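A, B, C and D label the chains in the order they appear, each numbered from 1.
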Amino acid sequence: MLSIPDLKPEKHYNAVGILTSGGDSSGMNPAIRSIVRAALNSGVKQVFGVRRGYQGLVSDDITLMSSRSVTNIVQKGGTVLKSARCPEFSDPSVRDVAARNLSSRGIEALVVIGGDGSLTGAHILCQEHGIPVIGLPGTIDNDIPGTDDTIGFDTAVNTAVEAIDRIRDTARSHERLFLVEVMGRNSGFIATQVGIACGAEMVVVPEYAFDFHDLCITLAERHSKGQGSSGIIVVAEGRDPDLTHRLAAQLKAQGQDPKISILGHIQRGGSPSGHDRMLASCLGTAAVEYLLAGYSDIMVGVHKGAIVDVPLQRVIEEKKVLDRKLFDIAALLHK
Amino acid sequence: MLSIPDLKPEKHYNAVGILTSGGDSSGMNPAIRSIVRAALNSGVKQVFGVRRGYQGLVSDDITLMSSRSVTNIVQKGGTVLKSARCPEFSDPSVRDVAARNLSSRGIEALVVIGGDGSLTGAHILCQEHGIPVIGLPGTIDNDIPGTDDTIGFDTAVNTAVEAIDRIRDTARSHERLFLVEVMGRNSGFIATQVGIACGAEMVVVPEYAFDFHDLCITLAERHSKGQGSSGIIVVAEGRDPDLTHRLAAQLKAQGQDPKISILGHIQRGGSPSGHDRMLASCLGTAAVEYLLAGYSDIMVGVHKGAIVDVPLQRVIEEKKVLDRKLFDIAALLHK
Amino acid sequence: MLSIPDLKPEKHYNAVGILTSGGDSSGMNPAIRSIVRAALNSGVKQVFGVRRGYQGLVSDDITLMSSRSVTNIVQKGGTVLKSARCPEFSDPSVRDVAARNLSSRGIEALVVIGGDGSLTGAHILCQEHGIPVIGLPGTIDNDIPGTDDTIGFDTAVNTAVEAIDRIRDTARSHERLFLVEVMGRNSGFIATQVGIACGAEMVVVPEYAFDFHDLCITLAERHSKGQGSSGIIVVAEGRDPDLTHRLAAQLKAQGQDPKISILGHIQRGGSPSGHDRMLASCLGTAAVEYLLAGYSDIMVGVHKGAIVDVPLQRVIEEKKVLDRKLFDIAALLHK
Amino acid sequence: MLSIPDLKPEKHYNAVGILTSGGDSSGMNPAIRSIVRAALNSGVKQVFGVRRGYQGLVSDDITLMSSRSVTNIVQKGGTVLKSARCPEFSDPSVRDVAARNLSSRGIEALVVIGGDGSLTGAHILCQEHGIPVIGLPGTIDNDIPGTDDTIGFDTAVNTAVEAIDRIRDTARSHERLFLVEVMGRNSGFIATQVGIACGAEMVVVPEYAFDFHDLCITLAERHSKGQGSSGIIVVAEGRDPDLTHRLAAQLKAQGQDPKISILGHIQRGGSPSGHDRMLASCLGTAAVEYLLAGYSDIMVGVHKGAIVDVPLQRVIEEKKVLDRKLFDIAALLHK
């Protein structure tokens, strides 16, 4: 249960925009819904939805939203505002166009839901053009500094866990070893949580060195304890696209016969979990409250069970660390 | 992501017992698994499973467990140790039998997973017989003081959310109002989280007064805004078993034609969510660490994103409060 | 895999209407989608959606549909055309209004998706006003004569099966007996399929006499075989709304302590199963083909693995029989 | 609802063996359960489970089963008897060992659940050693001649459909084209059913020529109709392991930017659907009835909604054909 700060409204905005950007994550829709409704219920006159992320800001693909236009989206995966990559947003002249589009419609502030690239864009827009921005962490990877949780992470973990539960049926029936690659970009948050949740025999993440020799010992130990030759190794996609296949080759050289499963894009979508809907609803409401309390250039996230604000500058500069203790639990519990 | 304390082992136990008691909750099995494995990996020589809660303690229904005996249970609902009510445990002479059974097998400490009744039993056993006990919060209701989260809550919320998503299909197709009763004993934690997650039109909980007139206005407003006459009202079961039906009767008297759905026992079981498996695995590991660090008569729970210890005395005496701010968000977002 | 008849188009229709009526069932949306697209792809110029069943026909709540207007509905529960009861449709003068509304928009034929009441309405409209109609069996109850399967049955069974799997976790953990009431109106098709699929200890259906004494023997036998005192009894709702509670009372009088779970409305909605989407897509396509081949006053259903046409007259007059052999398998397999 | 033949018991067997072989499929467990219970309830004295398919027959890895040993497996994916490939079974001297192992335990007949390779093994064993065998079609691929359905097909379709529903969220949010590869060995049954159920823009199967030019036109048409540039192309794995990647390359050359998702092993496991549990329960029961009626060297399958027997010889020699009409519906409905 999230603790929510008490903030006093100090500012008034006539019109606010919302934008989802970067890879979609499940929970963006309940976030959009709560921003729209919280804003309209707090006296904001108009809420605009920017379509296709920063691309829509540049191409002026912007529509008016109402309380009704976000009816029945709380349970939907993806983002009704659509998302897109917009590499040209790194060009200042392109950002000028975006700022003009906002101003021509009277949009005075912007809430951006996305990952670190999206939040960087928000920060620069704020710095350059003085547009008040609030960021929300929307990514399945949970790799945003300053927040313990991100919108979409819990759903992605549940999806991966259910998929691996299925794979385990086959692994146990055939007494086979499976290498299952999960998403997570350069971080091992998904892999660690999924590995613990699935009782994986090993978890491989970019953050911590992985000892192949150790894996072989673990597998041999399990075998001698009668825990069978079936097993699941969860591998974070990481920076090295060939890691999973190379690992499989190494295991084959050791006499194992591992199968590979790349979970891929099934982890992104799907109806958001209860947790992600709750998180998104609370963060969306809080985003509006922070905005009306005069905050800007911040991300609204979760830390130690409470909703907090974090300067976007810090979000951009820091790197989120995967707790070693947590990672070690995965190793401890398969024994 | 949970933060886990660093504890130094100070004590040695030859044999430890585990017991699940009270209503089963999803995640008890990964908790059992992590306690067994963490204990055996930390030098505890024997781990015993007590079957059927305190009843098994009294009837000496106790079996030796091994790392292998908890293989492939991480994904299973319910509790492999089974559970039962044991009203006779309130009799001191019955507790004497329990203590003798533990001592006759050389069981030196006990980890109890359950709700407040179960934790009360553990506290008394510790006080009376000097048996070191560690409690873990295992209940779908999330109503245990001293911990922000309980094993089984997240899964129960997800199950209720999925069920209500289905009901909403019918509610929208027929433009009907549904009263959906969720579990939660005397508290509204499940109802509030589910209500927010499902975009319910109203949430009724035991903690906060409910204004029937207000509900009528809300329904009328929605109607006039064109949000349709379909809707979901989430009702916590609470102390009054007739509340949901009485509410339906009141709404009928106002010209509405509400349908009732009592979600009931489907909320308890089912494969635990990724979150609950993670929580249970971390709490189980921590329970062993606290025990070996010399702690006793405590519950190991979660507070502000960290694993913490709480005196069982406090757990028994206090009442957990449902955050008003959170509850208000449910009301805010349906508008 | 369904076998689909080869039909030659013999007729041309400029405009066709679609209507969903009665209790919603999961798969109505893919049926709507396939009717719209099959019609437009077969030369029908306009497809109209009638909203709220026969009520919309009477109140002229009719909208033009396009291929695009049924995009992304294949996975949605309920019916985008909405449904309603319309008791006044039994009045001939009301049906005259309906017929005039169709004719004033140039709608020359109607496809009706629904249960027996809905198909009766279609038949009378056809008989009285000469409007060509094709019916599709859309009900979770699978109680429509002339077809082995109905749109929504498979999804409802899966939902009930998943719910009972959850309940079984609790039943086994607490060694309790559960009475689970499933839908099915006056028939036991859902109960029988669910009972077999869940390994229920007993299935109670309206079609076959139920021997309470036999149940007591079964429970005693299971107990003596060491199969435990937990168990699931699946009860079809049937005509007697008190049956489940009365059964529970009888069991209590025998010293059992059964719990009751009424699955209720969660069985209706939810994303349609693969089977129901396939069935709905094929039936919808076939409905258009039968219409264009000159058929009318028929239901398009499934018999012996093939898509068939059945006179609506027969659908209305007959009663579908629950195969005794199938019912007996449920009893056989719990032993 | 399956129609089940009436067969009179003509033979008596003291002991019967069960074996699952080849790739596991969801529903093998309810099949095992129903064979064990139907046999014991029909007067067979002993039922033996052969572990690890034909490998266990050769290595004498055979255990006695009881009604209780199949309790609570009806809902489990995979096979509790485990499965394995056994290439050495093609050696007659190895089959001699298998036959001796059966005879030394007094096992007089064998029920084999698996795909075509497994059923071929059963046929040869019967021919060579006169051992009565009954085969059941257990494979997710639904590619067994003589039966319209196989144990595991429906569950695999549902799993793939749910996965693609998730992918569609991302496809629509990002307006991207996805190539999703599903299982099915050399046949397109899974791909076709999944393609129709998901409203795929195109289905590529080994049975029917695929016109790349046609796909480009379809995508262009959809674009011009405003149905967006997002889309799902379902590709059966087929004989050509590079097909999906080659298709992606061709689409890239045309200016598209498709993403690839290989669903892989998640399609095999998971709790069986209601349909597969029902099918497996009925086929398992029928297998025992056919055996006791004196049948041998047959597969018990489903044809035109009825349970039927098919000579194993025919199963081995024929090739199951994917209905062209059904395949065409997939193409028809995306328009």
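Rule of thumb we're sticking to: contacts are C-beta pairs under 8 Å (C-beta built on N, C-alpha and C of every residue); 3 or more make two chains touch, one makes a residue touch a chain.
These are the chains along with the protein names UniProt gives them: A, B, C, D = ATP-dependent 6-phosphofructokinase.
The structure displayed is predicted, hence computed values, not measured ones.
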*Sort out for me whether B-C or A-B is joined by the greater number of C-beta contact pairs.*
A-B
*With centres defined as the mean of C-alpha atoms, identify the chain lying farthest from chain C.*
A
*Mind checking the centre-to-centre distance between chain B and chain C? Centres are C-alpha means, answer in whole Å.*
36
*Would you kindly tell me how far, in whole Å, the mean C-alpha position of chain B lies from that of chain A?*
27
*Multi-chain contact sites of chain D, meaning residues that touch two or more partners*: 162, 165, 168, 172
_Please classify the inter-chain touch graph. Allowed labels: line, ring, star, complete, other._
ring
*Okay, in this complex, where on chain B does chain A touch?*
1-4, 6, 30, 33-34, 37-38, 40-41, 67-68, 71-72, 74-75, 142, 148-149, 154, 157-158, 160-162, 165, 168, 172, 189, 193-194, 196-199, 225-228, 271, 273-275, 277-278, 281-282, 285, 303-306, 323, 325-326, 329, 332-335
*Across the complex, what residues on chain C touch chain B?*
20, 23-24, 26, 28, 52, 76-79, 82-84, 159, 162-163, 165-170, 172-175, 178, 259-270
